[in-house]
Every structure is written in C-alpha cells, then in structure tokens.
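Paired with chain B in one complex and with chain C in the other, chain A is shared by the two complexes that follow.
For the complex of A and B:
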C-alpha cells in the first residue's frame, strides 16, 4: 500500500510516448472497424435472416436460424452441392491461371536479372508485360468475348484456314471456357508477378551467386539451391495474394459468360454465385451465408499457407 | 518541442478526420430542409392558383433508344424543360433492378431528380401497374382511350381498373420471312401463299427440313419461336400459389427447339446475339423470324442498312399461330412534378393523328391508334419498302384482333431469359435435360426466392 504512491511517481517521471503511437495508428483501426469489421459482423448477422425483395415488396427480415446454411449445403436432384461445386470451379480456374503465371513470371524474372544474359531493352519488355494489367478486367473479358464469339475473328480465321468447317462455340464447351478464363487471368497478372519476383531476386546478395559459380554450380543448381530458397518469402507472399485474389475471381468469368457461368454452371465462381443472390432478389440472407462460407474458406487457406511459411523459418 | 510536434500532428490528423465527416454531413443537412421546402411549395401554389409552375427537369427511365428517338422527333418539349433520359439495358433484369431502386427511393429525392415517366414492357408491366409507384393517368387528364386497343389499356390498369399508363404501339407479332429464300424453298414469296404453306406447326416443321436440304436455316435461333408458343399457353408461368408451371405450349417449344438444333434447322444462339443478327444481312441463310413491327423496324435495324442488309427482301404473314410480343408502355410515376407534360406526352402518342401517322410512315410502327391504323391499312398507296412494298399495317390490323393480354406475371422477363439460356445448353448437347432444368430451377431460386420450383 505504501509503495503505490512511489510507483505512481516513478511512472509519471518516465514519459510514455505510447499513447501518441496509439493515437497515430488509431485512424487505421477506426477505418478498419467502420469499413471492415462492422460490415463483417453485419454480414454474419444477416446470414441468419430471411431477407429479400419480391418485386417492389420487401420480405423479412425474419429470423430463420441456420436455414440459409442448410439450404446452401442441401444437394440438388442430381446430388451436387452447389456451393462446393462453385468452390471447386473457383479453385480450378485459379490454379489454371496461377500455375503458369508463377512459373512464367519466375522464368522471366530470372532471365531479366541474369547478369550473364544481360538482356537489352529491359525497360521496354517490363512495360509490355505489365501492360495487360492496366486494362480493366471486364474490358479485357469483353474483348475476348468478341474475339471468340461464333461470328468473331477467331472463328472466321479458323474457318478460312480450313481448320474447322463450322464455327466452334467456345462458350458452350467446358474446357474452352475455362481455358479462356485461365488464359485471361494469366495475361492480366503475370507481368505484375514478374516485377515482384524481380525485385525479390535483385534483393539477394550477388556474392552468393558468384560464390556458387566459382564452386562450379550450373545455372539449374544455382536456381534450386540459391535463388529459390532465398526468394521463398517473396514467393509465398505472391502466392497468398494471388490466392486471395483468385478466390474472389469475378469480373473475368462474369463478363465472359454473361453471368451464367456456362456451360452447366461449370465456370461459375463463388463470387458470381454470391452476385446472383444480390441482383434482382436482393437476398441478403443467402448472400450473407455464402459470404460467411467464403470468409471461412479464405481464412483456412491463408492459415495453411502461413503455417507452411513459419514452419520453414 | 517533440511533444508539441506530436500534439500538433495528432490534432491535424483528428481535424482531418472531422473535416471528412463534416463534408459528408453538410450536404445532407442542407439538403433535407431544401427538400422539405420544395415539397411544400407546390402545395401552397396549388391551393392559391392554377398549376402554373411545374418542374424544370423531366426524367424518363428506359431500356433502349427506341422511344427516345420518336420522342425527340415528334414531341415538342415545353420551353425551359430539360428531358433527362436514364437508359439501362434490359438484359438480365438490369433495367428493372435500377428502376426499382429509383422508385423505392422516389420519396427521398429532390423533385427534379424524381422519375416522371418510365417505360415498361409486357413481361413485367404488372409489377409496376399493381403498385403505389404509378399513378392514375385519368386524374392527370388522359381520358380518351376510344382509339386505343383494349388490351393496351387493360395491361396498364391495376386490379381495380385504374389506368396507370398507355402504350404508344400495338404489338401483334408476325412471321417475318426472306422473300428470296422463300421463293427458293417454297416456290413463292407471296404472303398469302406463304401463309397457306406455314399455317401450322406441322407444316412449319416439315418446311424446316426442306430449307435445311437447300442449305438454309429455318430460324436463326432455337428461341425464335418461343414467343409464338408461350403466348398461346393456357396458364401463367407462375400460378397463384407461387409454383413454377411450364405449360404444354412451352413444353412443345422445348421439344421443337431440341429437334431443330439436333437437325441443324436452326443455329443455337441467343435471339439478341451478334450471331443471330448476322443472319439478317444479305449473305444470311435464315428464312424466318418472328416479331411485331418493332422487331423489324428497330431490332432488325442492321438489316435495313442498304449496304449490308437486304432491304425489300422481306415480307410478313401470320405464321403457324397468332400471338403478340412485348410492347412499350409509358407509365406515370407517382410523385412526378410535371403532371401536365406527362399527360400531354401520353395523349400525343395515342391520340395525335399527325404523330401517329408519322410513326407509321417514317418509322414503320404499328400505332396504338385504331383510326390511323385503319386509314393506312385501307390506303392502296401505302406500302412498306423494307417489306417489298407490302402493306404491313393491313396485316397487323387483322392480327391485332387476336391479342389477349392474359397469363402474364411480374416474373416473365427473367423466367423467359433463363429458360431460353439453360435450355440452349441442352440443345447444344452440353448438358442433359435433367441438368438443364435443374440449373434453370437454381437460377429461379436465386432471382426469385418466393417461386416454388419442382
């Protein structure tokens, strides 16, 4: 009891700047709370309600417990659970774009940074490969839609060259629709990844490469033994951001298939599914439930990647 | 010094945030009184004097440029009034979504931002007519419906018979065929003879095989005949209890669509796609289209281009079954601050003989004025050059007698779009019949949770 005033005095003497620190970071937390945390909680809350619009009339909100979730996981007449199917689609579409994207970007980054190759006109190439990223994804998608439509230039050329007799309906064949989406995502993002990975490689100490070369390591050995391990943090960062972006894939398939995810809803992504509930019916209950599921999936996947990263450290 | 600096920075930052919040708030607080003031103004004026002063901005919601074109050509806007067109595409229900948002928000916006008039189509007009968001036009002064077609007034009337709008067109739909192809396939391009050869589905289907044998398509899309079937259905798409019911007429279309696709009698594509439109050009191989006057004068606009199209190589006849398709109604929005102009527009497009005559002569329309239509139908001088000089008005006058506005629901647009889209995947062979229907039901559940699907 006696000590209390002393310690108080002592505290007062040493000036704490902590509160200023908190004050400075407060704007972030405040905006986070208003624009992220509050909507998140509201979404979870909404997912327990029946809440939609029928024409110009509002139905609900009525509390329905877990009914929306039950509906999401009820298999249809053919035995498919929709949300899992769309999650599967999303992952396939993401992998189809992300794997070539990372491989090609890695290759390009190594070529560009190699002092042996010493490629000229780097600035030009870097600009060119980054270009597609500057185009709006939906505009890019619209361009592809026009190019590959039944009366579009691609079909016209194929017919003219005698490759096919009648136009290929690219948008009614599963593999072509998916390939086009993957191709577009690849084209849009590989430049960005290349630049990131180049920065990563340039951050590695040059002496290590020289030492490896003096020891007689070939370029493949240098890549696997020196470059790749030291590039890992940047690579994992790239993969996580690509993963989160991939799970939220929307604009490219939405515009390309006019929102229908043709054929047989095989190019329907999770966010497109979510969007279906938000348009016309303004079904906040079901949309909320889907959002919560997406949130959980994203959280789990990020945790997995994070774990695998920290283990190595 | 450091402390002072930190304090200063913090204060600046907090102030900055307040400034943001303040700038967000100020317009809202100033707007609110302005809106209430404005609302009160007309009231006092109305009690004191005649409705002299009306809004300076006239807002019209539409889904394409069709009516805008006629409006700008034939309607004289009162001096000092600006007409503001808000156009959203109809595809996928975008127009309806945007319009709904605006109507639900109608009470909260300033008078000049309120919707004064909006256009609606037969597929969803009931949604707006049977609501508080449209108002009685007879009270505004539109009272003369003696020349209009009864169904157009019936469609724009709510359950208790209050009329909420007018249609500027009447939409009996016809079989539109390419004369040159008909000559090749049927041996004649005379409308009466073609009609005799195509007046039932059995004949139509048989001719499709002949057309195919000669290297033509019977229709450019498997959905081309949809309206002919669906318009003759006995039940609405959604019954009173909210169940989806696909009647026999629609099932007959489904069978035909699959047969036509499998046999190569038609292309499989959306009726609004480039692929379908390309068939309307000179080197197109398609013999038949179906549609009202608006279809060939507006949607076949490309075919009217003398360079690309085949102007004059078309003709119309009734086809296998009489039907009607669509139509654009002008509805009066509740809360409009331009009631006089609103009523005047509506009256002009149904009762002004000069405007209606111009619509027929210059725009190939079939108007909602029976007297004017009858005049052109009887005029031996009149002929539509696009249709090779055929008097289309005379054909439509006969077809218009069959129109019954029944079995319509507020859901028709999206239910129709979805059915055509998902059934096309089956026609293409991408999915099984069960998968196609299951996907269609999923689509309905997403769009309209209240509809019960099998």
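For the complex of A and C:
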C-alpha cells in the first residue's frame, strides 16, 4: 500500500525515540546498580551481622541486630570511644588544611581577577599552584616522609644550621605529624579551590564592581559588601564539598604513618579505621557499621549542598 | 590641581605597594608548591652515601645509576607497576568518558518517562564516596574470584556520576538538537549519530575528562590496596606504600627518591604539556551557583 507523503510526514513525527533514551542510559545504570548500589545494600546488611576472622577461625555470620553499632560507641578500658576519637582526628586534620585552603584561595582568586592589580604571569602561577592537585597523594605523602625523616634533608639542614643537636623525630610528635598532614592537604587542594572561586568571581556582573568603585568604595569594602555576598553560594558549595572530601581522608595519613595513625592514633582518620577492620581483621560487621555511619554523615552534608544550591533561585 | 596631582601619585604608590605584596605572596606560594618536588628531583640525582652525608641544594650526577637501580629492583618491580597502572588508568579513562557521554546524551537528547528521575538519581548519588560501599564491594569481588583482577577496578568506571554531570553541562552549552534532526532525515541510526556526529563535537570535553579520569585512576590507592596483593598485579601507589612499610634504614635512599619520582612523573609531564586546557577544564563542569 502506498502512503501519501503527507501522512508519512505525520507518521515520522510521531515516532517515539524514548526507547533510545533508555538504551543509552542503560549501561550506566546497570553498572551503578551492580557495582555501587548492591554493594552498598550488602554493606548495610553486613552491619547487622557478626562476621570476622579470628586467627584461622571464621566467626559468623550471625545476626546480632545493632550490637556492632553499640560496640562502636562503647568506651574501651581507657574510657575512649574509638570512633569519636577518629572522627575528631578527621575534623581536626580537615580544618587544619581547609581553613588556610579557603582563605588563601579566596585571596588569590581576588588577586587574579582584580583589574586594578592586573597581575602578570597568571597562567604560570595558576599552573604551579594547581599542579599538586594532580600528584599521587600517596607518593606526595611518601615524599614528605622521606624529607622529614630522621636522616632526611630537613633534619640535616636543622643540624647543619645548629638549630638542633640531634635529629627531631617528627613522626613521634602529635603536633608535627598533624601539621604535616594539614600542610599536605592544603598544598594538594588550594590551587583547585582558587580556580573554582575565580570562576565564581568572574561570573559576578562586572558592572556591580564598577558601580561600587564609582561610589567610592575601597577594595576592602568592595570585597565585604559586593564580592563576598554574591560569592556565598559557590563558597558554601566549595566548603561542603571539601568537607565531604575531608571525610574520605585516607591516602596522606595512611602512607605517612604507615597505617598506624601515630603517635598514639592521633592521626587515625575514619577511613583508616574502616580500612583496618576491612583489610587487617576482615571484620565485615564492624566495617559495615562504620561505613553506615560515614554514609549517614555524607548524606546529611549532601543535603546541605543541595539546599545551599537551591536556596538562591 | 596640585592636590589632585598629589592624590593620584599617592594612589599610584599605594598600587605599587599592593602589587609588590601580592607578587611576594604568589611567589612564596609557588615556591612552597615546587620546593618539595625540587628536593625530590635533587635527591633522586644523589647516591645513597651522598644523601647520608648531608643536605644539598644542587643536583649531583647519580641520576642514571639510581634510575637503573630502581628499574631493576628485585622486590619492587616498578616497570611492571607503571605498566599495570597505565593499563588500568587508560581503560578507566576511556570507559568512564565514553559511557558518561552516552548517558548524558541519552538524557539530553531524548524524552522519556523516567528522564527526570534518572537525572535526579545521578545527581543524588554523585557525592556518595566509594569507600562507604567498600565492604559489600569487597565481599562481592571475593565471591566472584575478582581479587587480583583488574575487572573490579575498570568496569565500575562505566558509571561515573561526576563525568556524566560534566558532559551533560557541556552538551547543554554546545549541542544544538537541529544537528540530530538533520542526521535523522539523512537516515542515520541513533547510535551511529552519537558515535560519528555527536562524539566528535564533544572532543574538548572528552579530552579533559579522559585526562582527569586517567589521573584519578593512576593515583587511586584505597580500592587497589583492598583488591590486589599479588606482586605482579600491583599498581604504582601500592608499591609506594610498600616502600613506606619496608625496613626503612636498609634502603638505598637514592633509589627511594627515584621510585617516588617515577610514580609522579607521567602525570607531571602530561600536565606540563596540557596545563592550559586542564585548568580550563577544572571549572567548566563545576556547579554554577
């Protein structure tokens, strides 16, 4: 049967391409379901079971309800609750890197975007400060370990200059270990934050700056009255995503302290704690419970990201 | 007139002072960023005996010897590690970029019932860190015999929410749907249209995401450490961690520095060549507040 051109056109228009949409997104969602969703559910499921290896003997899996969670929050013989201690460490280590990271990044972003200052060699500076972000964190940490070790160049220099008589054991002192981790995190991330904040500032209507300048506002006034309020959504986004990243802190302290979080577990982070249960003692129950807690914290933080992004519109 | 002249002079001096301060800060931060890498390079050119002897700011002539020693080390097979890392990272980069583009195109170009739900879902899971599902993931891999295999390191990268989001944003800014319609009129199948017409239009975004995901995978430590324990399967970060846990005092330090240098060098070289587009890529996919 011959169809008229007219009806053919109508037919063409009514062809639904919906199945192609499903087909194109299928691999992504299938993969996500198998490799992320199912493992997540399995992890949560595990947190209600006693399931670990003790020497060569396998214990469980036995259903124990919330016992793993209770154990997680029960103080040990010294009265410390490990998970709170490690959560505290994570926050301290995060803050020590993130505060300078955000303050310096904000300053640099303003320098780079200022027409008045008209900084030369921007590309060079940006290239240099962003570079650490791409460096293997574990190798960077190993590098700092060698540089600050007892026989490393930092100690050699201090002795050569007569600052100290014998080498300082940087890795047995709480404050120096923590400072080194903070410094590394700062170096790894401040370039990235600078570039994000720069984009944010350049997205602000330039006329506003000009108007403020014509009205006689000084650069400090412009910053607090114009730049900062308009930059707030991006700044909040940056801070919270940095917080979610900080929660995952692992490579740097793990390699620097060889997984021990020395001294006295003062640089042990939540993910290192999880890693110890999972890798060393194959304790799926406890590792599961820690994962669930990290998952809940991440979820709450993400909700804050979402709200900070939608509030403006 | 005189007062005016004085004012503008004062402003000029102020500007000069602030410029000097700003450049000083920038130079200080640049030195801070580069110094540890410079020390790494210098120390990789020195012999173990020389390194024990004291601090030195200038390179020595032991670079090749250290390179040969590190390359042929019996316990840490760095050439194998570099090859392993390269295989995993390139497969990951290609898969995550291609399938994220495909997914983003599926949601961008077609209308279907679950379109909005699919997009919201990806956005919601974007921030969930891999580590929280590691327990289940590891159990699954053990059950399937996937420990000491690259499958669990490569295949999951098909679902990369961050890359998807970047691609989606990019398509919204550069991809006119008229082109797709034109291709349809010409009788091009949907899948072919994507591969031969859409993908070439996304080249800049694909390139940037390939680099980022290559680097991400190259540097990845947590998951490979969980899954790989056979020496010949280890990737570079695991070898670096192995250096840390070895008996440190017995090590040839020149070799140790050389190992670290080899671990970061590929990424640094790529970065130096492509820094301009990489830095542009940092912002292009970020959320616009």
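The working rule: the second predicted complex is superposed on the first by the 258 of 313 C-alpha atoms of A that agree within 3 Å, B and C clash if a C-alpha of one lies under 4 Å from a C-alpha of the other, contacts with A are read in each partner's own complex, and residues count from 1 in each chain.
Here is the rule we use: a residue touches a chain if its C-beta (ideal position, glycine included) is under 8 Å from a C-beta of that chain, and two chains touch if they have at least 3 such contacts.
All figures in this text were calculated on a predicted structure; none of them were measured in a lab.
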Contacts of A:279 with chain B and chain C, given as first, second, both or neither: both
Touched partner set for A:264, first chain B, second chain C, both or neither: first
Chain A: partner with more touched residues, chain B or chain C: C
Partner chain in contact with A:305 - chain B first, chain C second, else both or neither: second
Chain B versus chain C as contact partner of A:52, first or second or both or neither: first
Touched partner set for A:27, first chain B, second chain C, both or neither: both
Partner chain(s) touched by A:147 [first = chain B, second = chain C, both, neither]: second
First, second, both or neither for A:223, with chain B first and chain C second: neither
Which superposed partner A:76 touches (first chain B, second chain C, both, neither): first
Chain B/chain C common contact set on chain A: 17, 20, 23-24, 27, 149, 151, 258-259, 279
For the chain C and chain A complex, residues of the former touching the latter: 15, 18-19, 22-23, 25-26, 29-30, 32-34, 36-37, 39-40, 43, 51-52, 54-55, 99-100, 102-103, 105-107, 109-115, 118, 122, 124-125, 127-140, 152, 155-156, 158-159, 161, 164, 190-191, 194, 215, 218-219, 221-222, 225-226, 236-237, 240-241, 243-245, 248, 253, 256-257, 260, 263-264, 267-268, 271, 275-276, 278-279, 282-283, 286-289
Touching residues on chain B, where the partner in the complex is chain A: 6, 9-10, 13, 17, 91-93, 96-97, 100, 103-104, 127-128, 131, 133, 267-269, 273-275, 278, 410, 414, 421, 424-425, 428, 430-431, 434-435, 438-439, 442-443, 446-450
Touching residues (chain side chain A, partner chain C) in the complex: 17-25, 27-29, 31-32, 35-36, 38-43, 45-46, 104, 107-108, 111, 116-117, 119, 123, 125-132, 134-140, 142-147, 149, 151, 153, 156-157, 160, 187, 190-192, 195-196, 198-200, 203, 233-234, 237, 241, 244, 247-248, 250-251, 254-255, 258-259, 271, 274-275, 278-279, 284, 287-288, 291-292, 294-295, 298-299, 301-302, 305, 309, 312
Chain B-touching residues of chain A, taken from the complex the two chains share: 17, 20, 23-24, 27, 30, 52-56, 59, 76-78, 82, 149-151, 169, 172-174, 258-260, 262-265, 276-277, 279-281, 283, 286
